[in-house]
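Just passing along the structure, written as structure tokens.
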Amino acid sequence: MARIDLDHIRHAYGPNPKAPSDFALKQVNHSFKDGGAYALLGPSGCGKTTLLNIISGLLHPSHGRLLFDGHDVTDLSTQERNIAQVFQFPVVYDTMTVYDNLAFPLRNRGVPEAEVDGRVRETLAMLGLSERAGSRARRLTADDKQKISLGRGLVRSDVNAILFDEPLTVIDPHLKWVLRSQLKQLHRRFGYTMIYVTHDQTEALTFAETVVVMYDGEIVQIGTPDELFERPSHTFVGYFIGSPGMNVMPVELEGARARLGSQIIELPFPPANASGRIELGIRPEYVRIGRSGLPVRVTKVEDVGRHKIVRASLEGREIAAILGEDETLPADARVSFDPVGINLYQDSWRIETGV
Amino acid sequence: MDKTWNNKAWFMVLPVLLLVAFSAVIPLMTVVNYSVQDTFGNNQFFWAGTEWFEEMLHSDRFWQAMARSLIFSFVILAIEIPLGIVIALNMPRSGWGVPVCLVLMALPLLIPWNVVGTIWQVFGRVDIGLLGYVMNALGVDYNYVNDPLDAWVTVIVMDVWHWTSLVVLLCYAGLVSIPDAYYQAAKIDGASRWSIFRHIQLPKIRRVLLIAVLLRFMDSFMIYTEPFVVTGGGPGNSTTFLSIDLVKMAVGQFDLGPAAAMSIIYFLIILLFSWVFYTVMTNSGSER
Amino acid sequence: MADANVTSPRAGSLPAPGPAVTKAGSGDVARAMRRRGDQSRFWWLIPAFYIAFLILPIYWLVNMSFKTNQEILGTLSLWPRDPTIHNYMVIFTDPSWYKGYINSIIYVVLNTVISIAVALPAAYAFSRYRFLGDKHLFFWLLTNRMAPPAVFALPFFQLYSAFGLIDTHIAVALAHCLFNVPLAVWILEGFMSGVPKEIDETAYIDGYSFPRFFTKIFMPLIASGIGVAAFFCFMFSWVELLIARTLTTTNAKPISAIMTRTVSASGLDWGVLAAAGVLTIIPGALVIWFVRNYIARGFALGRV
């Protein structure tokens, strides 16, 4: 186990990068705590896989340093970093049995055969593959193949970290839950440092203690699932996390009030002197529908079971609100914003309010 | 299999059928015809039954040529297949080196076979060839015209020169189709260079490798032009392979009966290998 | 924020905390980079040596072609001391020489066109339909690719004599179909199987007739396959000598056969022989250069 520090890491795939758009990874400073369970969350192409491959040593960053427990490992090979990584698509060694597949990374490191046997059997049992131990890996289903890929990562007890690159993409939905909870259990039991890349917010929020949200080659927010939900520090995080995403509308500030078109919204805090493009963000969960507040025109109501999603038009802008199952939509609906849920953004980044 | 059953498809195959029938079946019938008859000239033929076949199968000349052909094929395989794999493994995977390597390596494959013979005939000569000259300057007594061993070495080196590229190109094509994730996983698992080859690369190129082995076996078993140009089958009969012997017999001595019988035995051997080739290919295809 | 060492989500706006660094020695790092699993630094030596081995005999031939016979026989020189294009002039001014090239090119092109033309519908049939005896037929075609030309040389001669086709370009072109048609069917079938069947069905629903669909939609889709097949037909027809020589006497004789004849007749005109050899390499080299981007793909199908 190790703490992993990313020190001003930047990466470009092409030679001689100049413009910021040449960089797949713009600049990353971050520490992954020893024994933490992290999720790297972001849309496709945001640089999360690049970051993962830099940590594991499959890629050499164009700039910056990587430290494991304070030791510079930037120039070390993958083997020497002692990292396990599981890929999106299953990689199995066709010619070997399931057992030998799991034993492979241990034998390559010269682990004594008795210990190999113990660890492999334990891992096989954990993945529910014990009775397949002797069969050829080639003949298995995609699910089982991916379990083997996972197993080759988990079988190593001494790794500095286990990295997962969207490992459950090819797995059956019901099995996803099972495997994810097994991974969580493993984390609690053995305290591996785990970094889990995904573009699926549910996966990220259920797996990780800390979620790192990436967007366009940068880290935009790091926090617990609650923090990401309540205080998105970038409008992208607001959009990306939650369903439906955060309502973001352009406003003008007038002291402790925000002007949205012809409407005035009272702010719970006096904003610091802010300039530039100001936006107000509020999650649908904090938009109250009732008979008082700002006038809206309801366009659509979606019943999703536990609650209803109300789509409405406020000053010509789309806004979503959550309506409890038992609540009813008044004829002349108006919305009000729960002050707890109001966030202000300057040029897409959140203004700290001290609340 | 989701192909529809449609016997009308025969009409689409018909042109191929007619053409190949014309250029393969009719000549083959002629050969069969000759193999069971005897002639004293003047286009008079007598039924000879299996006489020519028996004569062939009891002839030392036939078995010696057969042994030479088999030895030649196995030596060729033993050199070209490992060499081809090693070169393919070390080819560049991207950048300007790829087209350069491919074009230069494919070059010998597109040289007319007798010119290949001529190139090596000239190159190996002691008086005017670079190879022969350098060998003798180094104190090696090399002369492929007089020494059977030197003739064999020359013919083998020539075949390696001519055909190893085919193995390289096949293996290279197989190697570049392996997804990157396999190499990455192997690095993560701490696999050695040898393990990567043994457990990832070799299994993935098994199919193309099989094609390479069988093609090289059959083509080297049928080799005619190149050694004929270089050595003419000599010195003595030391490089007289099956097809050289066959052409000598049929065109040189006009012994049509024995030549035809030999052709058929020869063809049956090739057919057997083709069948093995086809069976293994279709089986390995259905495994995936 | 939950994590201690996070400086700011706005990347780079604050200096990073400096963790204690113990930099490994540069020697260790260099050794580490070369460790297990990585290719060694001198990997390129192997293809380089191999290419050198391939080029050396060709270089010697080119070298000889620019020398006079005196120089060839007299001294061993690594480059022509007295460069001359006399050898090439001999070939370009004597019709019995340069006609050989024209003959070769005529029958090679004829053969390529015939092979592709008949192979296209057959390959389509094999890739799309099942029919009575299809597998046996395919295997039988394949065996012809493997047929030893030596077996066929004499019967071919008699067959084409009977039809009065000896010494014509079409005779050689047809004879080479023996191995090129099966090859073309094989390669094209592979490419066609890669085109989803739905494309055919959509075209029929859109009201395309079969010939129009085949020429307007299907053939462009497998254009690279046709290119690869044509390349291999060209290649095998161009390099074959035994059958081509057997079926021709003067009017359609290929250059490679003329080469051997002239050498045995005029004795030792090494310079002209070398020049003729060099000229036979050029068409092949040109063809490879044009298809270089398709070669690997054609081989990738594993169907040659």
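Every chain is named by a letter (A, B and C) in the order it is written, and numbering of its residues begins at 1.
Everything below uses one rule, namely that a contact is a pair of C-beta atoms (placed from the backbone, for glycine too) under 8 Å apart; a residue touches a chain by one contact, two chains touch by 3 or more.
Model, not experiment: these values are computed from the prediction.
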Chain at the geometric heart of the assembly (C-alpha centres): C
Two chains sharing the most contacts, counting C-beta pairs only: B-C
Rounded Å distance between chain A and chain B, as computed from the means of their C-alpha atoms: 57
Rounded Å distance, chain B centre to chain C centre (Cα mean): 16
Separation of mean Cα positions, chain C and chain A [Å, integer]: 50
Sites on chain C at which at least two other chains make contact: 36-38
Per-residue multi-chain contacts in chain A, two or more chains: 77-79
Touching two or more other chains - residue numbers and ranges from chain B: 187, 190-192
Touching residues on chain B, where the partner in the complex is chain C: 1-10, 12-13, 15-17, 19-20, 22-24, 26-28, 30-31, 83, 86-87, 90-92, 97-99, 101-115, 118-120, 122-123, 127-131, 133, 161, 164-165, 168-170, 172-174, 176-177, 186-187, 190-193, 196, 207-208, 211, 215, 218, 221-222, 224-225, 229, 242-244, 246-247, 250-251, 256, 259, 263, 266-267, 270-271, 273-275, 277-278
Residue numbers on chain A that touch chain B, as the complex places them: 53, 56-58, 77-79, 83-85, 87-89, 91, 93-96, 104-105, 108-109, 149, 152-153
Of all residues in chain C, those that touch chain B in their complex: 36-39, 43-44, 46-47, 50-51, 53-58, 60-61, 64, 72-73, 76, 114, 117-119, 121-122, 124-126, 128-132, 134, 137, 139, 141-144, 146-156, 158-159, 174-175, 177-178, 181-182, 185, 197, 235, 238-242, 246, 254-257, 259-260, 270, 273-274, 277, 280-281, 283-285, 287-289, 292-293, 295-297, 299-302, 304
Chain B residues within the chain A interface of the complex: 179, 181-182, 184-185, 187-192, 195, 199-200, 203-204
